[in-house]
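Next come two complexes, and both contain subunit A; in the first it sits with subunit B, in the second with subunit C.
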Partner chain A sequence: MIELFIPVIALILAPIFRVRGHWITFVAYVATSAIVFFRIVSGEVYYLKIAKLPDPIGYIYLFGDSVSHIFGFTIALVSALVALYSHPYMSHRFEEMGLSSKEFGRYWVLYNSYTYSMLLLVYSGNLLLLYTFLEISLVTSFLLIHYYGYGNRRWVSMLYFVWTHVAGVLALLGFILIGFENNTLLIPLLKSIPTLAWLLVFLGMIVKLPGLGFHIWLPYAHAEAPTPVSALLSPLTVGLAGYILLRLYEIDPSFILSHRTAIFIYGFLTSFVAGLLVFRQKDLKRLLAYSTVSQMGYILMAICLGTYGVFGVIVQYVSHAFGKAILFMSAGSIIAVYGLRNLDDMGGLHEQIPQIANASLIGFMNLSGVLTVGLLGEFFILRGVLEVFGLGRMAILVVLVFILSGLYSFYTMKNVFYGKPKGYEVKRVPKCLTVPLFVIGVLSIALLFYADPIVKAMMGVVR
Partner chain B sequence: MIWLILFLSPVIFSLPTVIAWTYRRNLSISSVVGLLISLAVTIYLYRMPEGFYTIPWLPSLGIEFRFVLDYLSKNMGVLTALIAFLIGIYSLEYMREDYRIGWYWFFFNLFTASMLLVVYSDNLLGLLIGWEGLGLASWALIGHWFRDDDELSYVGVLGRKVGPLKMFWSPSFAGWRAISTIRIGDMPMFLGIALIFALAGNLNVSQIDWNAVFTKIGLIGTTFLMISILMGPFTKSAQLPFSEWLMTAMTGPTTVSALLHSATMVAAGAYLFMRLSWYIQPWNYHELEPVYVFVLFLGLFSSLYGAIVALGCRERKVLLASSTLSSLGIMFAVTSLSYWVGKIAIVIAFIYLIVHAFAKATLFLVAGHLIHATHNRFCCGNLELTKRMKLAFLATVLSTLCLSGIPPFTAYWVKSGMDAILHEVSHHLGQTPMIIFVLIALTYSAFLAKFLSLNFLKGERAKLHLHGERLMPTSYTIMVLTLLPLAYVLYLKFFREGLETSSILVGILVTLTYVVGIVKPTHESKIGQALGDRLYLMALNDLIVPKVGWFFALLSYYFDRAVDLFTHSSIPEMFEELSKAVRRIQSGVLTRYVRIVIGIVFAIILIAGWFEWRF
Partner chain C sequence: MEILALIVLTMGTALSLRWKRLGVIAGIASILLVLRFEPLLLIVTLIALMNLISLDLIGRKYGTVFALPALMLIATVHAFYTSDLPSLIVCFIVASVPTYALVLISEDLRTKTAIKYVTFMVTATILFVLGLILIYENFKLIGSFLLLTGLALEVGIAPLHEWVPDVFSEADPISASIIASLAKFVPFLIAFRVLGGEMDFLSLTFLIALAVISMFVGNIGGLTSNEPSRILAYSTIANMGYVISALAVNPLSLPVAFAGAFIQLLANSVGKVGFFTAIKGGANRLLSFILSFSMIGVPPLLGFWGKFFIATSLLKSNLTFLAIILVVNSVMSVPYYVRLARFFDRGRSALASAVVGVCVLISLTIYPNPIYYSCLSVWR
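On to the complex of A and B.
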């Protein structure tokens, strides 16, 4: 329980310390993630009542079970390392924008409230509370893009705000309907979800996830956000839509079950089309954003695939979060050190920045499920598709998507880091721009071999 | 514990090199020590009794790291570790001046460790980890010279084009091609593994109830399952039409090619097929017939393709690469014969794998030494070179003799065994396999002789840059000498088959083509050129597949643009127009407002009347 309140310290202290705020944030979130990891191992479930509101809202309370712990662990860990990374990166960005380092005060307020709201979102025991945190995370990330983004940042942040706000409102409508149906909003007490409510929440979530067609805001937002924010948005925030779907699926899977094939095919199309689009991108951060869409397609597919599919969603969230955090941070490092974003200007960068190249390799290994925890995610999804659809076309579609993600991963590696070096001078890369990447990378490899606590925790949820 | 040492010692011992190679270049030795430890462990395991050993991994799913010690894994383990160790020693000298030593040693040792994991793993998911490790390490090593600036690291003649095809490949491109091809095979294999897990609830090859699995999914399901699993071995072992990556893999350092082509990577595909066949026992299942017939002919055709392409190749390493392809085809084909003749076919294929591994590693190491000495990728060198590199010459002679199947050298005895079982299956499959096999054997010895002749006897004069290498000749000499005791062992095993008339006849023919190859190594012709260009199979990789892919990517791109325009331009514009229209109403002219109000009232009355207002 204590772990949920450690970040408050960072929320209060980090803005006071301004430039040195990253250490406090880092320590707070590392402590949180460590404790949460022990909770995963011990499989503890707990409740914390905060207030009682009239029906149909019911108790406002925090609630932690294995699923929350796994998501919470990922969020806390990535937040910790991105905080560390923020320091050199945002210094560079403030300098570029002509701001003084006092700006760190505002930055840390927004950063910490953003990450903390995501962390509490996965521990919310009440749909209303969950919605509140969803909106807080939306507003804070909107402000971060608005203040520190690249390019046409005001337009992009507005675009991001409108799209995700539509998603939020749809979800809220759905939640309200659920509340009237069950006369409560407490997640463990919910019995059934009317189809209309499911539809609204589902629509909202595929805007946020995003699904094909609704994905169009994501490349703008993720590419133009300041990189530490991209490294939170893409790995953590969008996947939370998957988390919400998962929670509702646990309560009442009727909607997903009755439209299983359609959703599955939609997920496939999302993943496949976005995967193809990756090949056409010229901007590295935009490229990564499209690969996020592709990976989120996995989550849409996996949610249709029964028990193993649920495992797939969870593991896929973790492995994608780790991989994409590494990749966005390495893209950011290239921006911070060389100011490069366009793929045409890259090529042979391994010559100048081998550390970042090697870190990106681990990131792409995560995406394509090679030797990292992503391997298990793929395994569960394949196992699930065989369980639900049997041997046949659907299984082949999954294989196709997996092949595609491997292809674009290594294609990008080749275009960015290998080939004839372009002759940029070798510069020193600050340690904080590289070490966090390797920490996440090593963890994602270690988790493959030490995955049993996670698998056991997931088994516990299903039973 | 012993297993952890086996797999981790190469990786851990390479870390000092990775971290500090820029300051202390002689740290490479620690990596070789790691390989030596692995070798010691494999020898220790060789002397252990057969059986299974487990390390828990995912107990809640019933998946564990489970290692098997049996005939196949014991021999293969020692073979892998020994060859990796010898090549490691060779690399100490070969890679001394390299610009990326840390990367090289890390992935070299990861490569070995992954292969050992594949060799000993009984659990398919554990095996898959090693399998993907192999793919990753091969990608890293093929693209090792990522700068693409050294002509020596390319494959093909720089700047040459045939129609729309560029006929030269850079290391970074070759790496991407390798991993993309492998990916296409690995994912179906992964699906197959998941399917086995779904059907049997177990992933240990030796424990799966194959009978239940096959009866549950019937003939078509079985064929699907086996083919999807075998897609992994097919791509890894570069069977047709996935052969191109193997040829361009020659962009890596020669040591990598030697390791890749002898005991790891490509052998992993054939090895996995053997291991599966060993435990599935295909001779018990009728459902498997289509699969095994398919593999037989795929193997034979790949082998024939490799052999005739090797005839036309002019680059040292590419020639050897296509000869590897040819050998792998034979391994697949012979293993698939187990459906008709039983376990003996697997044993013969496996022995061939061992012989091939030593001989091919030797040839590659010699080729590497030659490239080092002549600064030329293409076959060149004459008697003068032979005089100055005697050991290289002798090693080549011995290994070509041993590999091509000339009596009484090593491969002859294995090939006699193959002749015998092919003879045995001829009343199931007719004479075709036998004929193709003999053709392959003849071509095989011809191009090996060509390799020998063009590099040491009749090639163009080459300028030599010898630096007094010691470790390099030592390691390939040791490697080639292992072939001689092996010849004796095989003589004891196959002497009955070896003394059959038909075998002797084939042996004589093979010797004849060998002599022809030595005497007349080149012959200019259009066909030869086409063969040297690998029958233009690269059109599939470089032209057809990318074109199709880019077409779909373009379609997706248009879709993406359309959605973008619609949501971010059309909808905002629509709202703008609407707002303008609404604002136009507010003109401040009173009569206009009155008219609007009256109009609305009338409209309401009309609508109400339509619905028969009854109040």
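On to the complex of A and C.
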């Protein structure tokens, strides 16, 4: 339980230390993720009652089981490393915007409340509490884009806020309906979910995830956000929609099961079309944003695939979080060091910044499922599709998107880091801009060979 | 207690013609005299107190002005504890008439607007009181129509909202803040007592139409306005739409709807007092963002709980479409509230900052239980 309260220290102290706040945030979240990792291994389940609200809300409490632990571990770890990375990057950004380093006070308040609300979201034992944290994470990330974003940041942040708020309130209506059906909103006590409620929540979540057609806001928001925020938004926040779907699926899978094929095809189309759109992007961060949409299609496909699909959702969240965090941070490093965003201006950057190029390679290996924890995710999804649909057209579709991910990964690598060097001068890259990338990279490879605890923990959930 | 408060208020106001400071003291004293330890009424009292104190920002030309919010508060508190017809009528009139004077003290108010305001209010009062009497005389249908029309005129529900944008943008921000906050409680209280759960199909349709039109007119108007006080005017219209939609529920979920409506009124009042004071005296950017988020309905702020309980009661009464319209509207309001928050940079006067600070503190009510149960107990 203690691990859920360590980040409070960072929330209070980091703004006081301003410029040096990144160390406190880093240490707090590393400690949290370490403890959470032990919880994954020991498979502990716990409750903490906070308050009682009027019916049909019921008790508000925090609740941790294996699924929460795996998601919580990912969130804490990525938050820790992005905090470390924030320091040099945001110094550069503040300089660019003509702000003094005093601005770090506000930045750390927003950063810590954003990451902390995401962490608590996966430990919420009540749907209303979950919604509350969903909205707090939305508001804080909105303010971060609003204050420090690129381009037309006011408009972009508004676009992001409105779309995601729509997602949130649709889900809220669904939650209230669930509350009437069960006369409580306590997640472990929920028995059944009416179809209308499922539909509302599902609609909300495919706006947030996002699915094809609802993905308009995502490339703008993720590309124009300051890069450390992109490195939280894209890996952690959008995937939380998958977490919410997963929780409801555990309670009552009826909706997903009865529309299995339709949702699966929709997930495939999301993944496939967004994957093709990646090739048309000229802005590196926008390209990564489209690849996020494509990866979220995996989650939509996986949720239809029974038990192995559930494993697939969880592992896909972890692997995508690790991969996309590395990639956004490396895109940010290129911006911070060379000020480049356009793909046309890049090429052969491996000559100048080999460390970032190698880290990106690991990131793309995560996305395309080569030799990293991403491989495990793809394994579970394939296994699931074979169990549910058998070896047939559906399996071919899945293989198709896997190949597409690999293709766009190496297309991007070639365009950015390999090929003919453009002859930029070699510059020194601050340590904080590269070390976090390698830490995540090494962990994502290590987790493939040490996947036992995660798989065991997931087995525990199914039982 | 109310009698004693009235006596204190009258004495103080009479003497304030000579010693201006006495007006303030008498106002505060009478407000404290009607203090009840009921969370809902405590917050209403706090709002009245803030209204009274912020009147100081207009300037001390008139000492008697300070009596007006106190008078409105006494009527409001009395209305919560009485149920006989004459008292309700008196409370309604006493809570509405002081706003005429408050509008008239504003400096750059055109005569046309002042006449418009007074005419609208007098018509509203007549219709409301007539409707009230007819309902008591058992002419339910025509009575509820008249009452609803009067209510719509009085609090500014579209399509009878003509006066709201003009008055809010021309009157002094502080006067507008009192009209938008303290003056709204009594009309809704009476409407809930009289109409709640007892409406026939026709008047229910009328009510729902009013609610839906008001939400849309308010939010579209807010989206297309640029001036902060005009945005606030339209935001008030939208909020009145949310509150009146709670009247449409069935008798079973009426207590929840009542709680939701009054929490929404509180959130609206606090937001309006905060923003109007900010227009007058400036406010910190962060504080105005918190007020905006509360008005948007971001959990766990006060504005969220109002909308949450209203939506809950609507869903429980099978009015799913109305709940969806409410939610859609709360999303539509996002851009203009954020735009509103950006108008303010930092506080220019200590008094204004203090008032805005208290408003933010009330908006930060993340544990709704005390207010919720207090609403339920007042309802019974």
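Quick note on the criterion: the second predicted complex is superposed on the first by the 463 of 463 C-alpha atoms of A that agree within 3 Å, B and C clash if a C-alpha of one lies under 4 Å from a C-alpha of the other, contacts with A are read in each partner's own complex, and residues count from 1 in each chain.
Quick note on the criterion: contacts are C-beta pairs under 8 Å (C-beta built on N, C-alpha and C of every residue); 3 or more make two chains touch, one makes a residue touch a chain.
Keep in mind that what you see is a predicted model, and the values were worked out from it rather than measured.
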Inquiry  = Using the superposition on subunit A, tell me whether subunit B and subunit C clash or fit.
reply    = fit
Request  = Based on the superposed arrangement, let me know which partner A:Tyr131 touches: subunit B (first), subunit C (second), both, or neither?
outcome  = second
Task = Once the structures are superposed on A, label A:Met158 by its partner contacts, choosing first (subunit B), second (subunit C), both or neither.
result = second
Query = Which holds for A:Asp452: it touches subunit B only (first), subunit C only (second), both, or neither?
reply = first
Key: Partner chain(s) touched by A:Leu257 [first = subunit B, second = subunit C, both, neither]   = neither
Query = If you count the residues of subunit A that each partner touches, which comes out higher, subunit B or subunit C?
reply = B
Query = Looking at the overlay, what does A:Ile16 touch: subunit B (first), subunit C (second), both, or neither?
reply = neither
Request  = For A:Leu143, decide between first (touching subunit B), second (touching subunit C), both and neither.
outcome  = second
Key: subunit C, subunit A and subunit B - angle at the middle CA centre, rounded to the nearest 10 degrees   = 160
Ask   = Of the two partner chains, subunit B (first) and subunit C (second), which one does A:Leu172 touch, if any: first, second, both, or neither?
value = second
Request  = Report for A:His350: first if it touches subunit B alone, second if subunit C alone, otherwise both or neither.
outcome  = first
Query = With both complexes placed on chain A, how many Å separate the closest C-alpha atoms of subunit B and subunit C?
reply = 6
Note = Dual-contact residues of subunit A, meaning touching subunit B and subunit C, are none
Message = Going by the contact rule set out above, which residues of subunit C touch subunit A in the complex?
response = 256, 289, 293, 296, 298-300, 304, 308, 311-312, 315-316, 320, 323-324, 327, 330-331, 334-335, 338, 367-369, 372-373
Ask   = Tell me, which parts of subunit B touch subunit A in their complex?
value = 56-61, 125, 128-129, 132-133, 135-136, 139, 143, 146-149, 170-173, 175-176, 179-180, 183-184, 186-188, 190-191, 193-195, 197-198, 217, 221, 224-225, 549-550, 552-554, 556-557, 559-560, 563-564, 567-568
Remark   = Within the complex, subunit B is touched by subunit A residues 159, 213, 216, 273-274, 276-277, 279-280, 348, 350-351, 365, 368, 370-371, 375, 378-379, 382-383, 386-387, 391, 395, 398-399, 402-403, 406-407, 410-411, 413-414, 417-421, 448-449, 451-452, 455-456, 459
Task = In the complex, go through subunit A and note every residue touching subunit C.
result = 51-54, 56, 128, 131-132, 135-136, 138-139, 143, 146, 158, 161-162, 165-166, 169-170, 172-173, 176-177, 179-180, 196
